[in-house]
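Below: a set of structures, written as structure tokens.
In the two assemblies presented below, chain A is common to both, partnered first by chain B and then by chain C.
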Partner chain A sequence: MAHQQIKFYQTGTFTVGNRLLDQQLRTVQATADRSNSLDSGHRACQGCGEALGARFAIDAAMRATDNQLIATNATGCLEVFTTPSPESAWRIPWIHSLFGNAASVATGVAAAMRVKGRSEVRVIAQGGDGGTTDIGFGCLSGMFERNDDVLYICYDNQAYMNTGVQRSSATPGAARTATTQPIGDQPGADFGQGKNVPLIAMAHDIPYVATASVHDLHDLEAKIIKAMALHGSRYVQIFVPCPLGWGAHPQDTIKIARMAVECGLYPLFEAEHGEITNATKIRSRVDVTEYLKIQRRFAHVFKNPDQLAKIQAIADANIQRFELLSTVGNGQ
Partner chain B sequence: MKTPFAITLDVGSSLLNKTGSWRNERPVYLDRLPPCNHACPAGENIQQWLYYAEEGDYNRAWQEIMRNNPLPAIMGRACYHPCESSCNRAQLDSAINIHAVERFLGDQAIREGWRIEITQAATGKKALVVGAGPSGLAAAYHLALAGHQVTIHEAGPLAGGMMRFGIPKYRLPRDIVEAEIQRILDLGVDMQLNTRVNDIPAVMNEGGYDACFVAIGAHLAKRVNIPTPDAGRILDAVSVLRGMETDAEPPRLGRRVVVYGGGNTAVDVARTAKRLGADEAVIVYRRTREQMPAHDFEIDEALEEGVVVNWLRTITAADEESFTIEKMELDDDGWPQPTGEFETIKADTLVLALGQNVDTSILENLPGVTIDRSGVVEVGPDMMTGYRGVFAGGDMVPAERTITVAVGHGKKAARHIDAYLRGKTYTAPPKHELAGFDLLNSWYYSDAEQTVQPMLDEIRRQTTFEEVLGGLDETNALFEARRCLSCGNCFECDNCYGVCPDNAITKLGPGKRFEFKYDYCKGCGLCVAECPCGAIKMIAEEI
Partner chain C sequence: MAVTPSSLNVEIPASAPARRHPKIDLRVVDPVRAAIRDGSVIGVRRTTLSGNDAVAKGALEVGARFFAGYPITPSSEILEYVAKHIFRCGGTYLQMEDEISSIAAAIGAALGGVKSFTATSGPGFSLKQENLGYACLTECPLVVVNVQRGGPSTGGPTDVGQSDVMQARWGTHGDHPVVVVAPYSVQECYEETIRAFNLSERYRIPVIVLTDAKISQMKEPVTLPAQDAIPIVNRAKPIGTQQGYEPFGLSPTGIPPLAGMGEGYRAHFTGLYHGRDGLPTRDPKMIEEQMLRIHAKLETPTATAEIRKTETYFIDDADVIVVAYGITARAAKDAVVQARREGLRAGLLRPVTLWPSDAEVLPEVLGRVRKVVVPELNLGQYITEIQRLAYESARRNQIVPPEIVPLNRVDMQLISPAQILQELRS
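After this line comes the complex of A and B, so read on.
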């Protein structure tokens, strides 16, 4: 377990805070003085998972580094909705250059800080899945290969949302996007293509790789804090549902994330130097339909039993591969 | 305009951008009515006292109970806890063991000698309470707290009413009853035992009382006509249970006892008979187990102790040493009909437990008072009888006959009497909307099964009057309190504050809850969806 699981204090550690718990066992988000690195007034859609995930992650990193943090940002929703120049929702030193070079810019910032002798200043690079898995992938892989002292955070909403929901190499099979329409025998995105960047990052033998989800804040924060305690290249990928691109109700953002993890489609794990060290267990397993049925992008799947079976098979395989079920019973 | 290189506009924060204008629905915090509170006949704020108990602040939890119910140690034992039957947690795993926590708090108060202080100034008004049962005691307590001078007139030799003369010791130990009554008397309530009131206006006049609350209960046993050569072998349940308290020797019931009836009183008598040494204690009831008005757990406990129940039987006649019993069968409407098939049962005593009537003679001569056809006294919504200044409650008015209802009547009547004495009228505050299970996000609650109370072993249950059900200790009472879902009432889990993608919620600090920043809230509704306890709702914006 990445963090200490409190078995029972009314809500255990499932809620953001818990008045019955010691302060240090509550999340960063539960504190009145959290840094709110990504502040109000940003232009993200209602219920935006990415805005939520970014504040969760950067606030945790700010806490972990005693506010000595610089972030670089790839082009994408996160850049556009936070910073229509000259206005910004960021309350940290933050730089945007190009779509594909966030990792390289971060490498440069880290080098500059080293040269200036500012070893306490830490660097984060961040972007969406498009800027990470496709366009910025060369820069990212280079950063891993050099083991530069940067944490790269990918906010994974499984398509190019900023430009109008086009498929990326993180789009799952069967999902409808603007470029993978639900038509023909195999509607939506193809199966068997795309990249699993966390596993690719592990292949670079970097110190730390983790996946997280906006629905499990304790787990997410523990992974960011752990990543900031390490040096060298680190990669954290956070699952952030997109109500607009996925055709979901804004109030369901966290529920979708929860269902994605609880059905096994989005395994949460940690790896150090290429070896998986921990997987977050499923608390109460659900069928993939529970996840799919609350998103319009998968509506056609319910008329297509083949696709549904394929998606369930992916979830089942993940559960096997990452050992997502608790050995004792099916509960926590 | 002086701006940095390559910048044509002044830099600024996104806070200038009031995204609240995007919204067409707004979230609002609210308190909803938890189903336990909704079901409590005494009107306890159960969710609230569990909230204090969760924090380990047992004194404050007890004080919260005492705002509505002066008898928590008694109620935690003898109440049939409709709160638990309606508890939302039952749909998750099992209901909160509310009565066990209440009993723990009540016992803790007795152990620690916790007291309630009168904070209201003395009004100089005098109130007469007739009857020292749960209803009269509750009314006296609330009237004393309101600053009135209260005197109770009780016809019997001991206070407590049905808590003493109806509920056997093995369910409600007498030291508990005495301690909780004494705490009420310590508020300055004057108790006159062995004082029967026959003429209310005369007593009020003589004592200078400004108002009267009558709660004499229902203790006249209903009879049926069973032809018998020896009437001495047929007793009634009320006298048997009363005799257990007042007589020097327990009633002689013999070796084989038959109890006729299907209510809690019938079960109590059968279990008492078993404890007094009867080899056979048989309950005869004319309908089926499902239709028995006695509570399930009481029937179960009786069966465990060796009580036998004959369902679908009536008693038609008696001879020297046996009773004739007729088999019944249910008709299509579920009513028992005689079959003409008879059997006999040998028994020394028959105890009738067929319900009780009210001795209404005390009110019959008061002008304006109406006794309805079932023999109970009619009261208005303010608990006042047709005679101005005389209020009534408990078993003698139309309602379910439980001590919790009686305590609720006492409180309600006291509020109206207080208003009456001050020349005002009391209006109850409007009730919040109900917090149903569908409004909760139960994913957040930890898995935790109900804590089980210890039970006395069966041999001692068959031979002694020791208390059957044990209490919780501090550790498991705390655990049990923390199982509460806090339905409809914020318990400061910080979820709304954490899950808002727009940082549009201010955390106000412990005990002060949260506030929306409507300048920035886009109305996505995530806070409502992720609130575990249903304490936020969306309402339409006026556009």
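After this line comes the complex of A and C, so read on.
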């Protein structure tokens, strides 16, 4: 795949990286004929990871489908900031469904295209982590089970940002939100068993599951393009830092996204039909404290070694499980 | 329970000179405030709260120890307030994965023996409807707060609406009794939440607190009673032998005592039609008995007196009245005062308990006025109940029913006193 041929120095800064690449290896965004399906002028906050991730994902999907794309969108930040009254940033057929039903509505749209004999028109469904892992989870699982021809993209910013930063089942342990304990022995979100939706999606044996991050947009685009080349249910979860909800500087969005991956807390991998086919190796491992200390939502963990150890253990477990370090497991 | 105008003590000089901005003293002379001033009570608290905080505070102070919720604008502050404070009272807060599981968890906790509640707004309230029916049939003491916003569907999440009035009454399928209260101020958000819990505990019934986006977000000074002066009703528990305990049996009050699960009594709950012992039944006689009983328990004289609550304002000699509830009643009150200044014999009926509708005060007043204006932030929902009561009263007394005029707004703006005044004049 194209993205594997790119050296790190070429992607270090995205703009420069593109200039150094061959024409055909450049990203969709770098080309003049990009579709701009999620247009400028929307009302996302400064440094919004979701706006960046969505723009790259949608344009890549448009390229892959020859501009034959319909999108459904669950209630959430993406829906709100792209459609401020009385405007819309969307240049494709776009349905704001409800909070929990984007997957099911997309199923219906895909069925309509099939009935009309327009199978070249492809459908994507989008939602935040709340609309995907919580209230929309039933619809999503049903879509996987029926293997409907829909790509579901989850923009994971790890809480309900639109309603004011309440915890979701994607909120990591110890992260402070408006509805978690502000004080006490274990402030912040509980360390539950976690709800790893990519792994749950894999358990449905669907054709393609991937996680991506906004710090590696070549990889993100490649995964979306690959997903659109397949038929059946596909799931891509994109890590999108939220400066407002995470208490981070807007200029640190990419840095945070990179660190989450490089410390092992957010493994990037691809899976086909329930089997992991590719996991992005950690290039230069960073300590979880480096990742945590630039976010105010984790400010209290530095006074709580117990919580810090738990977070480190999660990162270690991920590294072990997905063989993220080349020295671990079989290696390469 | 009627609030008489005397307790509101509005001073309007009979021969006030016409002024461009007439000074009208709308201060409510509150016996509690008066008592604080003369030092005869201690422990009364005066503070400033938002409507959502007042609801949450009232719930915690009346003894709610379980809350399950899900973020939704404009009710999320209730969730956040409870998340912050319920642990200090030894309670549990859970943020669930969706609206349905929120009310379901609250039902589970309520039947487990703990005062429970949940809070939501329009779309979430729609999702909760099946569970609400389950709570009605299993006679589960439960409080559901619905902060109304613009609807249907996502509608106007940050905008005000009053369009869930009929849904609150008839949202779930099947015949079911339900109590709905509609506060119109932050003070009342606190008081009515307490009353809602007390009614739900006394009558084993889900009670819906219907506020709206404006009341929930605005901040007002409130006077809260001393902690030990808050009226608290706890559900009746069975006493005596565990043998033969009937969670749905007949009792003198019509409300069977409810044992919490794990308290030694047999607990068996189902959403199927069930007999007195709680086991499923297909016996027509038993089904009818139970269905009639769950409705009749709200119809006894004691229940009627306790549940029904209507504020009357300048009603005694009125010939043109406004019937308004919730946020709209605030504008209506202003309009009535202005109309009185102009010499119109105007009055206000404000149902605080929307459902069951006040079958005592409403028909009596509707039977002796010339005109009724019903302002609502919907396309005419509660007006149908007013029409029903007025026409029924007129037929029974063989008089001409009053002219009933709707005044509706669904543009997410509030109805202004001027609009109501115009209707009162015409």
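We adopt the following convention: the second predicted complex is superposed on the first by the 307 of 332 C-alpha atoms of A that agree within 3 Å, B and C clash if a C-alpha of one lies under 4 Å from a C-alpha of the other, contacts with A are read in each partner's own complex, and residues count from 1 in each chain.
The definition used in the following text is that contacts are C-beta pairs under 8 Å (C-beta built on N, C-alpha and C of every residue); 3 or more make two chains touch, one makes a residue touch a chain.
What you see is a predicted model; the values in this text were computed from it and never measured.
S.K.: Based on the superposed arrangement, let me know which partner A:T75 touches: chain B (first), chain C (second), both, or neither?
M.R.: After superposition on chain A, A:T75 lies in contact with chain C alone.
S.K.: When the two structures are overlaid on chain A, which partner does A:D149 contact: first (chain B), second (chain C), both, or neither?
M.R.: In the superposition, A:D149 touches no partner, neither chain B nor chain C.
S.K.: For A:Y160, decide between first (touching chain B), second (touching chain C), both and neither.
M.R.: second
S.K.: Tell me which partner A:P182 touches in the superposition: chain B (first), chain C (second), both or neither.
M.R.: In the superposition, A:P182 contacts chain C only.
S.K.: On the A-aligned overlay, A:R26 touches which partner chain: chain B = first, chain C = second, or both, or neither?
M.R.: It touches chain B, and chain C stays clear.
S.K.: For A:E270, decide between first (touching chain B), second (touching chain C), both and neither.
M.R.: In the superposition, A:E270 touches no partner, neither chain B nor chain C.
S.K.: In the overlay, answer first, second, both or neither for which of chain B and chain C A:F137 touches.
M.R.: Only chain C; A:F137 stays clear of chain B.
S.K.: For chain A, what residues appear in both contact lists, the one with chain B and the one with chain C?
M.R.: No residue sits in both footprints.
S.K.: Write out the stretch or stretches of chain A touching chain B in their complex.
M.R.: Interface residues on chain A, with respect to chain B: 7-12, 14-20, 26-27, 29-30, 32, 36, 38-44, 46-49, 51-52, 55, 82, 85-89, 217, 243, 249-255, 258, 284, 331-332.
S.K.: Chain A touches which residues of chain B in the complex?
M.R.: 7, 9-19, 22, 54-55, 443-448, 479, 482-484, 486, 491-495, 497-499, 501-504, 507, 509-510, 517, 519-520, 522-526, 528-530, 532
S.K.: Within the complex, which stretch of chain C touches chain A?
M.R.: 70-73, 76, 79-80, 83-84, 87, 93, 95, 97-99, 123, 153-154
S.K.: Which part of chain A faces chain C closely enough to touch in the complex?
M.R.: Touching chain C: residues 75, 96, 98-100, 130, 133-135, 137, 160, 163-164, 166-167, 169, 178-182, 184 of chain A.
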